[in-house]
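The same chain A turns up in both complexes below, where it pairs with chain B and then with chain C.
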Partner chain A sequence: MNIRFGFLTMIMALAAIPLNAQVYKTSTGTVKFYSHTTVEDINATNSTVAAALNTATGAVEFSVSINSFQFKKALMQKHFQENYMESGKFPKSTFKGTVEKNSAVNYKKDGTYSVNVKGKLTIHGQTKDVTIPGKIIVKGGKITLTADGKDFKVKPADYKIKIPANNAAQIAEEIEVSVNCELSKK
Partner chain B sequence: MHSKPLYKAVAFCTTAFLFIGLSAQDDTTSSMLDEDPVKSEKVQNSFKTTKVINLQSVEVTDAGVFDFKINHRFGPVNSGAYNMFGLDAASVRIGGEYGVIPNLMVGAGRSSIEKTVDGYFKYRMMHQTSDNKKPLGILLFGGVAYRNVNFTFPVTSMERLAYTAQLILGRKFSENFSLVVSPSLVHYNLGKNEFSNTQYALGLGMRQKLTKRTTLNLEYIPVFGEHGSYHNSISVGFDIETGGHVFQLHFTNSTGNNESNFIARTDGDWKTGGVRFGFNISRVFTFVDPSRFKNNSY
Partner chain C sequence: MRKVLFLEISGFLSLGITLAVMATLLMMNLAELNVLWLPASGLVLVLAYIMLTIRYTRRSLHKIHELHTKGIYSYGRLVVNVLGVGLMVYGIFVFFATKDIWSDIGLVIFADLSFIIGLYCLYYNVTLSYLIQHEHLRHSNMTFWDFMMIVVAPIGLVVFSVYMLLSQEAITSATDEPDFNIPAAVVVEEFEKNDSLANAKYYNKILQFGGTVLEITGDSAKLVKLNIGKEDITANCGFDKSAMQTIQSVQAGDSVTLKCYCSGYSKPEDEESMLSEKSLDLVRCALVNKDKK
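Up next is the complex of A and B:
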């Protein structure tokens, strides 16, 4: 009986170890966005992005604090928080998804893989199904997830972010979002 | 010893939990992230600008930002139709504020009333935080005003000065509602004989958001003790935010725009229509990229 119990415990332990070992994380990832119009270019950077990747299942997750986006102008930042993103009500944006064809990525070997990540993007309390083209870069035991703003575009209107007619000329209909998160084993 | 069926049941349950644990990896309700990026944050946007109406709010001009201020008060409404209910007269202050470093701003201006030049600073000692570990914003205000007007009797330069010290306690209770309570001291070097040169008052101000970009503001500044024929300042107004400008439109019984004047020397009486229509215009200009300041607090 004791031997069998011990055997069961061993299986449990074996099952649990790889589960944790396969998750790569960061809490200092970067997300930037760029809005281009003929009137004004707007840039903002957030370097406190939490992200995680499970290399076994291809599950990815991002969580972004809205108030941590830094702008070139303090007033712009305030308007972004209060008038557009309503960060009091919706303090963060999240993405939960899965790397498509995850098995094609060899996480044990250094290399760069172009992938599509499919999942649910939540901004301003609105959730949409999206597919984001990006890259997985494996190097020296660390995994970097990147997306280029040229490939990853977000329309404020899709997420019920209202832009008054007065400001429509300054804010692009499509915002380019770029992602760069270096994950390490935790 | 356990009976065999019980052992099997335990083993089954454990295995089942293990599989639930495994499959939960793809479940959207669970999270792999052990850290929430939204930690305790400094509470922002308690007021649309650095003033409630006349009173200072808990906002401080951001570091590297210049805020150009025009404060305009028309004549009293009870001056009658001949004076277009006050619109024919004007008292204006033109000034500006600059954020020197995060949490410290300085300001200066000149008012037409008594040809007053004023200067002041406002310093944030404590910033309200979203986790309520710091439930209040605490700020310190110090101001000095120099009345350059020709008096009918001889006065020295020192006598032309008046000082204001204020402790500003403020809290944003919700996205829409914010309050300030400001114990204040005003000292005039040149006083009137019938009451003290030093006056104590309590500034009370609030704002209620009506829409994202407009707010209703109320203000009441009771002065404690004898202050002659002067009245307590009472104001009601609206903030309207349009891009880089904030327009504040209001009715107030105060004419002056510097603290020593509107706290201790408000001469209008609401009861008899001694109220003025007025507006403040605030326009901000960014001079220094905020990333140049460490620990910037926006």
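Up next is the complex of A and C:
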């Protein structure tokens, strides 16, 4: 019995090694957003984004703490967190998806691959199906996931983020979101 | 300009502007109605008071004198004086007693309006009393100090407040006194027990706590992972790039005391999640103390 159990454990352990080895992670990814209007440009950066990618399945996960977005002006930061994103109620935004045509990406060879990542984006407690165009950059054993703000835009209204009509002039209808996360093997 | 005319014009003009500012702020959703109720009620009282005063001023000086000494007006004077002093003191108190007031537009408006309306109450009362007593009401001219009190001071205060509100840089690291000086493990236990209760208690509050550095990662900003004496749970402490220099000498194994804004507690959403770490999340951290390993 003991021998059987030991054998089973060994098989399971061996099976788990390659699976774990395919997961790349970071806790210090960067997500920026940019809102451009004729009245005002607003920028914010979050440099402690958690992200993970399973190279075998193409599964991608992001977890973004709303409170970690750093603005230049205190008033903007306060409005963003308390009035618009209600960060006390919805402290995190998440994305769970899959790299489309994952098999076309050679994770063992340095290179840049344009990909679409399809999945569920949750912001302000609202979940939407989205497809995000981005790039996977493989270099020196590390994988960088990027998305350009010109291609990845988020409409606050889609996520029930209420912006009063009189503030609409200061905040763009579509917010440009750029992503840059360098993942390493865990 | 005749003082009495100046009182009338400046009174209506300034109250009109104050009303317009309040209405705009409400429309723009920059202040809640419940924040403005006290200055608003003060405003209505002052408006009623000025209307009454002007009505009697136009009728006869003798009548005002009579009312001033005998009638209900004399009690009104006392009420307005007390209200004036109260509103001014309250305005000043809010300014000096509130931590981080320049990031709270509603509170700044509240303090500004309280102070200005209080100033108007006192000014009108004191000036009118003086004029009535000296029977110079129709002949006195406004002075430099009248102009300073009723026009320059309120406008100056509003301009200063708007400048301070718009120019205030966002906080990048916790500099104020901590709201909680508490072991991080205790905070984690509270989050595990009741997430929403702990969130209401700690979210965006400054926590001061200690731990041993497990790893430091990041380029544009740093994330310091601390062992807080809980198995499989770390404190993930984010340092803004402006505060990175302060932790340059910190290494894995060092015991540190940090001061950070609490950003909640993370745990994997489901069993299949690749982001499987449990962590107490903290941002805008500052190094308080460091002991070498």
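Everything below uses one rule, namely that the second predicted complex is superposed on the first by the 176 of 186 C-alpha atoms of A that agree within 3 Å, B and C clash if a C-alpha of one lies under 4 Å from a C-alpha of the other, contacts with A are read in each partner's own complex, and residues count from 1 in each chain.
To be clear about the criterion, a residue touches a chain if its C-beta (ideal position, glycine included) is under 8 Å from a C-beta of that chain, and two chains touch if they have at least 3 such contacts.
Because the structure is predicted, anything quoted here is derived from the model rather than measured.
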Point to revise | Superposition on chain A - do chain B and chain C clash or fit | key: clash
**Study point:** Which of chain B and chain C A:Gln77 touches, first, second, both or neither
**Key:** both
Exercise for review: Applying the touch criterion given at the start, work out whether A:Lys92 contacts chain B, chain C, both or neither, answering first, second, both or neither.
Suggested key: both
Exercise for review: Could you tell me if A:Thr30 is touching chain B, chain C, both of them or neither one (first, second, both, neither)?
Suggested key: second
**Study point:** chain B versus chain C as contact partner of A:Lys120, first or second or both or neither
**Key:** first
Check your understanding: Taking the superposition as given, does A:Val64 touch the first partner, chain B, the second, chain C, both, or neither?
Key -> first
Check your understanding: First (chain B), second (chain C), both or neither: which does A:Ser47 touch?
Key -> second
Exercise for review: Please state which segment of chain B collides with chain C in the superposed model; the candidates are 8-16, 62-70, 188-196 or 224-232.
Suggested key: 62-70
Exercise for review: Would you tell me the residues on chain A in contact with chain B in one complex that are also in contact with chain C in the other?
Suggested key: 23, 25, 27, 48, 50-52, 54, 59, 61, 63, 65, 67-68, 70-75, 77-78, 81, 83, 88, 91-92, 166-167
Check your understanding: Which residues, counting only chain A, touch chain B once they are in their complex?
Key -> 1, 4-5, 8, 12, 15, 19, 23, 25, 27, 48-52, 54, 56-57, 59, 61, 63-65, 67-68, 70-75, 77-79, 81-83, 86, 88-89, 91-92, 96, 98, 120, 166-167
Review point. Within the complex, which stretch of chain C touches chain A?
Key: 27-29, 102-105, 165-172, 199-200, 203-204, 217-223, 225, 236, 238, 240-241, 261, 263-264, 266, 269, 273-275, 277, 281, 283-284
Check your understanding: So in the complex, which bits of chain A are touching chain C?
Key -> 23, 25-28, 30, 45, 47-48, 50-54, 59, 61, 63, 65, 67-68, 70-78, 81, 83, 87-88, 91-92, 94, 164, 166-167
Exercise for review: Mind listing the chain B positions that touch chain A in their complex?
Suggested key: 1-2, 7, 11, 14, 18, 21-22, 25-26, 28, 31-39, 41, 44-45, 62-65, 175, 212-213, 241-244, 284, 286, 289-291, 296, 298
